[in-house]
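What follows is chain A paired twice: with chain B in the first complex and chain C in the second.
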Partner chain A sequence: MTAFLAGLRQLRQYPSAVIGMTMVLSLLVLSLVTVLTIPYSEAIRLWRGAAGVWDESPELARPTWFQLFSARKLPKTIIVDTRQGGKEIANQPDGTRVVNASLRFAFPYDELPSAVGLWLSATYKEAQPFVILTWRKPNGEEIALEERTPQQTDRYFVSRDERLRERLQARSIEEALFDAGPRGNGALLRGTYELAVEGILFEPDADLEARLVVYGKVHGIAGTDAQRRDLSVALLWGTPIALTFGLLAAVGTTIFSLSISAVGTWFGGRLDASIQRLTEVNAMLPGLTLLVMIGMFYSRSLWVMLLAIILLSMFSLGIKTYRAIFLSLKEAPYIEAARTYGAGSFRIIFRYMIPRVIPMLIPAFVTAIPGFVFLEASLSILGLGDPDIPTWGKLLFDAYANEALFKGYYYWVLEPAALLMITGMSFAMSGFALDRMFNPRLRTA
Partner chain B sequence: MNAGSTATVTVPPSRSVWRETLHRVGLYTLRRIAVLLGTVVIGTYLAVLIANWGGEVDKMREAQCKEKAGMSIQADPALQFLPPEERRRRYEQEVERCKQLQGLDRPFVARSLEYLRDALTLSLGRAMQLTSDSGSREVRNIILERLPATLLLFGTADLVLFFTAIAIALFLSRRYGSVFDRLIVALAPTSTAPGWFYGIFLILLFAGLLHLLPFGGMVDIPPPTATVEYAVSVLHHLILPVAAVVIGSICLSIYSWRTFFLIYSSEDYVEMAKAKGLPSGMIQRRYILRPTLPPIITGFSFMLISLWQGAIILETVFNWPGLGRLLYSAIGSQDTPVIVGTVVIYGYLLALTVFVLDIVYALIDPRVKVGERGIGS
Partner chain C sequence: MNNGLLQVEELRLHYRTTQGVVQAVDGITFSLAPGQALAVLGESGCGKSSLARAILRLLPRNVEVYDGCVRVNGLDVMLLDEEQFRRDVRWSKISIVMQAAMNALNPVLRVADQVIEPLLVHQDRQHDAALARVRDVFQMVGVPLDFMARYAFELSGGMRQRVVLAMALVLKPPLVLLDEPTSALDVLTQANIMNVLKRIKRDTSTSFILITHDIATSSELADQVAVMYAGQLVEISDAARFFRESLHPYSQKLMASVPRLRDDTKLEYIPGRPPSLINLPRGCRFAPRCPQRFAKCDQDPPMMHTEDSRQVRCWLYE
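So, the complex of A and B:
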């Protein structure tokens, strides 16, 4: 306990270690919270974005905090539903019934919404209802939208209604609906808008519901991508994935390299020499291109890649460093003692030699983690990311494929990049500081 | 080092010593060439094995046979009037003959050696989708056309990186503990992120926000016709990617090299030189840089290996028309021959890089010239 406290006190002298470890700790907490709040299957379902999952989120919306940098108030997504009230049904003398619903919403923003969509759901047996849609602006102007005969579910994406746009002679539907003037060439109108839905039902049991979605330009804490997916899902889930990947790769590589070099050093001779030659060859292999081939021809699964990475970096240059340590360790008295009482070679290697060097290797181990995290991101950027699992690298790939930098969707690039940076820096800072603590030969200040 | 060593080194080189030195350096070079070629062969064979694990190379060969047979049947005027079944039969025959010629009926081990030979000589036939800018579909032409762009970018970046890092590291070793020194130590962890990662930020800042430099590519579109303007345009496009490579590695290099210099500058012979009153520039060049350069060169050559591979993504991010960008498009269009070809050329590039640095090493490390035994005697 006192040793632990002394260690903590020593740690205080290294601010970068404290910062780094705090960052690592918060990343771990974030991963834990993510895994507990969004189950894995749910994350994959959301990220695959099956039909209907992201219908109500805007396309390419900036994160809400973007507002802080903009003097203009950007619209958020507004959803109004007849199920929340405001619907009246009146029986007509001819046996039909008339539904009157008013979808009202306040619009206090400084910019046009990104799109307008309407979902109609009708219950009927044979005769489809007939729906008349009227749009009322705050200044009293009215626009008649297309008339529809909805099926069970009918999606009317008003923004893409070319016929309506031509009829109104407007530049865009949003302008026509939200700017003053019948063609929408005036100023943006703030106030209460209304979409009047008038439906005629031809059957006694028939019913009609409507849901209006006015898509905003900001969404959530992370914004959305071109497929309307909320980036926060991938950003959050990317954290445990990146940490797990980096840790497992570092652990796997270290364990294998250590064992190989310990076995080689212990037995010496040809085995040792061939391990050394293999290490030299392996160091000059174009590893990343070989990984690309594996991803191309076999599997893009993250776990297959992890295995391939471990196999390719097993004979890493680290072996040379370990070898130097083991060579001196081999002559240590306690190994001599173990040998005299008759311990077997493998007992000596795995019980006495390897455990002895592990503490020395912790700094290098911690420093190696971000390299693997960035390797996964590199593979993802080449389009070889795991098809199912959302990762930061895949976000960057999507952003790059959609020319996000060129088109100014900076948040799409900056968010995963920032998380990668934080992860990389936190481990690297901790590792470097640990190295200076453990090898205090050139302690800085 | 003992007194004997100084004696051997200071003896004016006579003819026989020169011959012996040449002999040693030659032997060293040959040994390195053998090791490096061996590495290329192993790497390429691995690539062949991975590529043909699922029979990909076989499929590629078969597709090429089919294409060739189809073309030869089409082009033969004597076969134009044959009934379709007959032509079909001839086509199958032709494909079969070609497959036998290619050895597709032989066991894989024998074939894999053949593939290895073809891969090493880059005779990988025709690409499935991609073409070179001159319109050729030969894999070799496509790859060789992209090579200069990659060499230009990474040659420049590596040279800038090496000399800047050495200069700053030397400067810092004299100012140990200064603010700048501590800044570099604090920034050393930034090198865990690869160059392309900083490239994204650089593009965002200098191209997206400031509009000072281009988003990517190698020259303006359309390319300027005058040579000088062309060169200026290429330089203009070169700034950001080179900066990205340098930023991605420089802090760690400076940090570790300065540590090296610091260790060596506390050696007794450096103290002795200082006591003699030698100018500090001379002490740095002769007494610190000289003994530290060999290990630095070795470390640098391993760094270059990872830089070369980072090139794949860096070129993709910067849209630089080099090998990395080629590999990216080959992945996108599932072009197996081009992918295998790129792996092989990367193998060659890595080996060549290491070889060049080995030669530099031989030139600066006296042990290679004199021989380990020569020092003691």
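So, the complex of A and C:
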């Protein structure tokens, strides 16, 4: 323990180690918080986007902080619900009842919202209510939207109402609804808008609720994708997945290739020769291509990929490096001494030879982690990501598939890319510092 | 002589090299009684360390010939297979302190963990019981107990040597081979170590085979002396008589090269160099350098037994 603390104190001398370790630590904390606050099943549910999950989030919205770089005030999503008040019900002499609801909201922004949608939910037994929708602008202008007979749940996506657009002769519904001119060609109007919902209920127990969603152009800290999903879900959950994947792959690869190499070197002869030939053959095999084939024909599960990556990289050329170290170590006097006092082969391999190379190994191991994180991202970008699990690579794949860069949704590419780079940099910086600490002779080189 | 602790008969160990066969150990015969210390003296490269390896069957890969007979308590260990030998003989019957013993410690283990290894390997002892034994043996060789948690590189050469010695003694073997145990140490530390060895020999009646080129220090411990030259033993004698007047011309020259405390005799040296173990001279191997050579030296001399039960391989004593 004291040795560990002393090691930490020594690490403090290297600024790169401090920065790198801090970054690694923040990533770990982020992963932990994510896993604790958003359970895995919840993350999967959100990312698969079951019906209704993302109804209220805008499509392709930029992250909120994008506002910092824009002089114009970008609209956020506004939700107004009759359940929060503003609904009156009056009984009529003929037994019907009239509902008057006014959904008011302030609109102080400089740009049009991205869309407008309305959810109606009606309670009735047989006779559906009748609803008249009227849009009132701050300047008093009124637009009759539609007359509907809603079912239990009814979605009226105003922005997609083509007939309305033709009737208003506007370029887009949003322009017509939010601009000063009658044809939607004036300047954008700021102020309080109102959607009047006037309904007639034909049954005594019937009821009507309405919820208006004016979709903004910025959303959350990460923005949304073309399926309205909040990118932060994938960015957050991508962190523990990337770290776990990188760590497991690095641990698996290192432990296996180290053991294989040590066993081969110790016993020598045909065993060593076959391990060496296997390594050479494996080094010539195009690993990524093999992984692509596994992904295409067998399984895209993250864990299958992990196993395949470990199997492929276990016999990497690293074995040759370890072998070179072990060959000289094998002849070391203390190994011979151990053999003399009767230590068995495996005791010598695992208690004498392998511990000896660990100082050389730790930095290499730390720097190897991001390599595997990137490999997983590459597979995802090639469309071979796990279909269930949200990862950074999957975000990049989605962005690419939706032509995000071409259409100017830079955030969609930059966010996962930045996280990948931060991960790579944090481990690289820590690894280099550890290398200097564990192998002091390299310092001057 | 059948009650001897160790009997070696016609032991041969030849190595295969690209230049030819190296006859490092070429027909060695001797025996050792319990509680005795035998010093094997010889120049560098005469096959002393190979003898130790041959006894403990620590063979490199390029072995050409390995035969003869090694009896430990009457049991011919050459008949055991490798696994039996490892389990029953190495370390439990015969242990060794290697040449350059300071490098014989695992650099990533604390020394106590290192010394405990043979116990765990051979006796399946509980860790605590084993640790108690380690403590005993550390005290026996004079390593302070608070050094137990240190690593090898934190110890001085002498302390490291003691730790290695502790490791050799930890299983209480009846015989310990010491292969140049003090060669890399300063004179004071050498004396300390030799004193430790003497005390252990007295207290535990452990036998030692001390392999060395250092005649002066060997005289401290040895009851018997065997002189090795070019892969053969040329003289076996009890220590007292050997150091007073040795028989073989080589031994005599060797003794003449050792400085004496109360004497003013000029130190001598042996002209020439020891023969290559690949191309050995015909006849007596020392003949080319021998000041007393005569015609018969062209023939290979057998081991002669003198009347006072010494042995010497020289035609002068026929």
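Details
One rule holds in what follows: the second predicted complex is superposed on the first by the 433 of 445 C-alpha atoms of A that agree within 3 Å, B and C clash if a C-alpha of one lies under 4 Å from a C-alpha of the other, contacts with A are read in each partner's own complex, and residues count from 1 in each chain.
Going forward, a contact is a pair of C-beta atoms (placed from the backbone, for glycine too) under 8 Å apart; a residue touches a chain by one contact, two chains touch by 3 or more.
Just so we're clear, the structure is a prediction, and the values are computed from it rather than from any experiment.
In the three-chain model built by superposing on chain A, chain B and chain C fit together without any clash.
In the superposed pair of complexes, A:Leu288 makes contact with chain B only, with no contact to chain C.
In the overlay built on the shared chain, the residue A:Tyr410 is in contact with chain B alone; chain C does not reach it.
With both complexes placed on chain A, chain A has more residues touched by B than by the other of chain B and chain C.
In the superposed pair of complexes, A:Ile38 makes contact with neither chain B nor chain C. In the superposed model, A:Leu327 lies in contact with neither chain B nor chain C.
In the overlay built on the shared chain, the residue A:Tyr352 is in contact with chain C alone; chain B does not reach it.
For the combined model, the angle formed at the CA centre of chain A by lines to the CA centres of chain B and chain C equals 60 degrees after rounding to the nearest 10. By the touch criterion stated above, A:Met360 is placed in contact with neither chain B nor chain C.
In the superposition on chain A, contact is made by A:Ala343 with chain C only, not with chain B.
Following the chain A superposition, chain B and chain C show a smallest Cα-Cα distance of 13 angstrom. Residue overlap on chain A between the chain B contacts of one complex and the chain C contacts of the other is empty.
Residue ranges on chain A touching chain C, taken from their complex, read 332-334, 336-344, 347, 351-352, 355-356, 358.
Listing the residues of chain A that touch chain B in their complex gives 16, 20, 280-281, 283-290, 292-294, 296-298, 317, 367, 370-371, 374, 377-378, 381-384, 396, 400, 405-406, 408, 410, 413-414, 417, 420-421, 424-425, 427-429, 431-432, 442, 444-445.
Within the complex, the chain C residues that touch chain A are 56, 58, 86-87, 90-92, 95-96, 98, 100-101, 103-109, 117-118, 121-122, 164, 167. Listing the residues of chain B that touch chain A in their complex gives 35-36, 38-39, 42-43, 46-47, 50-51, 53-54, 56, 177, 181-182, 185-186, 188-194, 196-197, 200-201, 203-204, 207-208, 215, 259, 262-263, 302, 305, 308-310, 312-313, 316-317, 327-328, 331-332, 334, 336, 339-340, 342-343, 346-347, 350-351, 354.
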